[in-house]
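A, B, C and D are the chain letters, set down in written order, and residue numbers restart from 1 in every chain.
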Amino acid sequence: MFTPAPLLALSSSTIGVSISLGLVGLGMVWMLIRSLRARDVDRRIVFLFIFISVSAPILFPITFSETPTPVVKKLFDKVESLPADSKVLISFDFDPAMAPEVQPMADAFTRHCMAKNHKVIFMSLWATGQSLLNQTMRAVLVTEFPEKRDGIDYVELGYKAGNEGVLNVIVSNFRKMFPTDVNSIPLDSIEIFDKIKSCRDLDLIISIGGGKPGIKEWVLFVGDPTKTPIGAGVAAVVAPQLYPYYPKQLLGLLGGVKGAAEYESELVRHYPQFEEVDKPGLRMMGPQTFAHVVILAFIVLGNISFFVSRRRASR
Amino acid sequence: MKRQVALLITLFIGTLLVVSVFIPPMESLKETFTLFFDIIAVFAFFLGGGNLLRVHLTKLSKRKQDWVYSIVTLVGFTVVLVIGLFKLGNPGGIAASPTAEGSLFQTLFDNVLVPLSSTMYALLAFFVASASYRAFRAKNREATILLIAAFIILLGRTPFGMMLTSWVPNSLSILQIPNLAIWIMNSANLAGQRAIMIGIGLGVVSMSIRIILGIERTYLGEEK
Amino acid sequence: MDDQLYRQPVFRVFQIFLIIFTVLAGSIFAQDPAIGLTDSADVFVPAPPGAVKATDVVYDQGGAVDLEWELSPDDDGSLKVSGYYICRREVGGEDYRLVDSVMAGVRTFVDETVEQDHTYQYMVAVNGDCSTAPSEESNSITPDMEWLNFGLSNLFIIGLVICGSVIYFIAHAKRGKKFFIRKIAGLEAVDEAIGRATEMGRPILFVPGILDMDDVQTIAALTILGRVSRVVADYDTKINVPVSRSLVMTAARETIKSSYMAAGRPDAYSDDMAAYITDEQFGYVAAVDGMMVREKPATCFLLGAFFAESLILAETGNSIGAIQIAGTARPAQLPFFVAACDFTLIGEELFAASAYLSGEPKQMGSLKGQDVGKAIAMVFIVLGVITTTLAQAWDIGVFTWISDLLHDLFQVTS
Amino acid sequence: MKRSSIIIMLVVLAMFVISWLAKASSMAGVEDHNIWHGFLITFSAFLTLAILSFLYKDNPFYKFAEHLFVGVSAAYWMSMGFWTTIVGNLIPRISNSLSAFFEVPPIADEWALLLLPDSVTFFIPVILGIMLLLRLSRNMGWISAWPLAFIVGSTAGFNLVRYLRSDFIEQVSSTFVPLLVDWQGTGHFFSHLNLNASGQFVTMAGNWVIFLGVMCGLIYFFFSKEHKGIFGFGSRVGIWILMVTFGASFGYTVMGRISLLVGRLTFLFGDWLGLIS
């Protein structure tokens, strides 16, 4: 949960970041000089750099602005370009183990749809997804959008057992699978469902997951037969297996923490009011990016010292 | 004779399990044998655990180097074994799961084993860095290819990959580093993985045949 | 197949009797409004589902029946029908009992609660809002067990060809035929690495992976340990084999002991050479790391099944300046070994290593057999790629047929 | 022991106690057993730091953590082996009275193996296990080779078919990729030629790389043919493909490894020191 940081904390974090950045930068320069003299760096110094570059962004949260890759941008633009009151379904197909990676995506999608005044239908194909769905509802809907009303602006269908069987049914009829929503209110008396009979009537489906049933099932059972656009958010490890579906069967794809961070930063760019909310994707990206850059720098340094020493040897 | 029997056992069991795949009535053989293996492995614990105790007791009694730490191992081992085997401090008693919530055993797991193993695992973050510093150098053609592939993928996973190449027009978008990274993962990387896996499949088949036929018998000891 | 059993006259008569019985029972049942409120005028009664067909699931142990039926005409995606009840009874016995229910729109079901060699009949009842309508009874079915799984015949054929070629070349080599085998860099270095340790007066560390004896990689590692410890015994160097499974410890001891016997030095062998550490993955790694920095082995062998610890071990070994020969068949860990070790046995090379090191013609023959397997793979990949390409690009019937055939040949259903 | 090391020990001990007290007092009123919980968190943090200190060099704290780890984890898995395998799988099958003692429901006999009931066949592993233990005896030690032969034989039998299926057959068939994707004639191909990441040409190039890469990779693994001429070239390309694979997978996993450290440091800075909310 986000609590507005007092001015003091903000400035101290800026100072902290600058100091650690400075340290790492100066250290790199020092090592560049050493490398130019063809001297290798002790592994413990490498360790120290990794330690600083990972802990600094944790202690003093800094975020890098992310430029979205086309796969992410396309999905963002779709949500953005749909007219208000479009019907979007978000399915929480993941468990707590995957949550750190994909829940930030779920939050970001929810936030975006709410800001665009879309009508959102929440559901889950995983039994464990229900509680995570409730988490997002509490953290995003209830806290940030208190004016949105259940049943009018959004509806929670919850979890139904049956895996891809559920999809097989809702592809032609929602009411057959979900006679009521999670609060036992019949779908017929829910405003959103006035014009929705099946998945065909949705404007966008977003599945967030990483296992089975998950994105692949949504594509095969719902996306392909109905031509309803499908977007997805997945854990990093499974992302490469889903790229073959993009862009024909999958509108867009968020892969891992990086995908979440890209979406979050694109969201902030369009909706400055979200500047202040917690953005776990971007927050987690800080240490990752920092460490990656340090590793990349070390690879470059290693090659410099290698070439310098080889040139000397050949002389 | 003793070795002959052992080789016959291997031949019989090996063939039986290969054949069982094609015979539905013998399908459950696989699960049964897995259970057999687990049970034998528990018996082997006596040898392993006994050896662990013996090594550290010897170290202690002979006051070998670092004998003090052997006390730590011995105490840790005995205490946890007693707690674990007798389910001490387990609210559910003997019928409860050994790892029941709130049991002493589980508390030990959460507060001793978890920090130890996850920190050991986290050391990888450091070693990944030192290994890439040392290994990714353009020493020869192979190493250069390794370096370039790693560099592109690493760059593709930071915001800088996109920043550096976002100017590339859409008709050349494969040259944008994140796209290139994905393309490499799905083409060359996939090809290499498949070639390795096909090789492994054949290697295992051939190795298993050598074992079943008794040609490979190192584990039984060489002929005297 | 034991279908024959049921073709015997006695069974024929029994079957005919059953069919008559079934029809009779079915007609009685159909007249009897046992289920549902059929007579009430204001209750909608959906039309019953069509014919139910029951078939035995093939290639199993006789524990499953496949059901298929025609949907009720009222099951058209509207809300009139909410699902189907699957009912079953044993022929000649009890009443119909509910087995399970399925959602509307579903027309198949696999009943896995049947017992082998009992005869069953099924009925599917469609469920309206507050009424049900049963179908006619199905044919009677006796799930039986098959003795051979013909669904795996392609696996059998491919296995036969590959195992056959390995065995053929082993037999060929037995008769004295010599094969050329290319050098494997990592293995050429084994003797040199052990020699180095001897010169430096430092021990050798051999890590056989972290999995138990039920993994082939561990066995492959132990066979290499056999060759390594033979050389070690000759050179009189110290060898340490920390293991993370008790069974591996037993097998490793057996292996080292026999190598020392073969080298004629049984006196120099001690059980302490192979020691069990702990089953816990990272506990084992912590101990081996400690061992590395304290004993400073000159040579480390990291062979077998490795997971995340591959890089921790390889980097620590590298930091103490040891020569490292690594090998695993886990593709995910190979990059780390390649990056941090001097020599890496990649996948198949790990399994080839023991044959290669043994120098026995029989073992070398098996390597030739593996190559035949690779050649087969290559031929089929070329064929598969060409036919798939032609079939997709121009939709030529014959190529589609061949491409489908190849896909089927290399498609193993479990 | 040197004086400096005694001083370091004392300082660490003092810091441990301070952290324990601070943690316990900060939890007072929130947790019931605050002293115990304070100890647990401090001890976890101490172990975390002890392992991290190995990065600098081997030291007494690492040795302590390492030896504790070995002892505790060996006993942990041994207890788990006893409860899950012996009590969970063996006893319910072979003895009703023992199952009653351990309060586990007995498992009904199945006639799976050799047409014998489980209550008989499950004595096989027990006998083999005892044979294994005979290794400790001087005279009967040789018999431990039999259970090993059983295990190695079953491993070979299992894995032969398993690897043939999942590593050989399935990988071969998934390499049947079309070399021409969305083919609508040569003219269409050249007029739409571009390097768009999801375009026809790039997709096709990917499939070509997969096809040729797998072929060359397999050539690299050939043992019985000298790598010369065309074959030698193929094997060289094979090595390059393998190098791309290794580089790419290495680069791809780095991110996951960093997250592990983030997790540990978050524990230290947050749960222990309370520096971050």
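Everything below uses one rule, namely that contacts are C-beta pairs under 8 Å (C-beta built on N, C-alpha and C of every residue); 3 or more make two chains touch, one makes a residue touch a chain.
This structure is a prediction, so every number in the text was calculated from the model and none was measured.
Farthest chain from chain D (centres taken as the mean of C-alpha atoms): A.
For the pairs A-C and A-B, the count of C-beta pairs in contact is higher at A-B.
Computed centre separation for the pair chain A/chain C is 35 angstrom, with centres defined by C-alpha atoms.
Rounded to whole angstrom units, the spacing between the C-alpha centres of chain A and chain B is 30. Chain B and chain D have Cα centroids separated by 4 Å.
Centroids of chain A and chain D (each the mean of its C-alpha atoms) stand 27 Å apart.
Residue positions of chain A with contacts to 2 or more other chains are 43, 47, 50, 54, 70, 258, 288, 291-292, 295. Each of the following residues of chain B touches two or more other chains: 21, 28, 37, 40-41, 44-49, 52, 66, 113, 116-117, 120-121, 123-126, 128, 130, 132, 134, 136, 146-147, 150-151, 154, 157, 173, 176, 179, 182, 185-186, 193, 196-200, 202, 204-205, 207-209, 211, 219-221. Counting only residues that touch two or more partner chains, chain C has 155, 159, 162-163, 213-214, 216, 219, 247, 250-251, 254, 276-278, 280, 282-283, 286, 294, 315, 331, 334, 336, 338-339, 346-349, 352, 367, 370, 373-374, 377. Considering their complex, residues 43, 162, 165, 168-169, 172-173, 175-177 of chain A touch chain C. For chain D in complex with chain A, the residues that touch the partner chain are 55-56, 197-198, 254-256, 258-259, 261-262, 265-266, 269, 275-277. Across the complex, chain B meets chain A through its residues 125-126, 128-130, 132-134, 136-139, 147, 150-151, 154-155, 157-160, 162-163, 166, 173, 176, 178-179, 182, 185-186.
Interface of chain A with chain D (complex): residues 3, 44, 47, 50, 54-55, 58-59, 70, 236-237, 246-247, 256-258, 284, 287-288, 291-292, 295. Looking at the complex, you find that chain C touches chain B at residues 59-61, 145-149, 152, 155-156, 159, 162-163, 166-167, 170, 212-214, 216, 219-220, 222-223, 225-227, 245-247, 249-251, 254-255, 257-259, 261-262, 271-272, 275-278, 280-283, 285-286, 294, 308, 311-312, 314-315, 318, 329, 331, 334, 336, 338-340, 346-352, 354-355, 360, 362-363, 366-367, 369-370, 373-374, 377.
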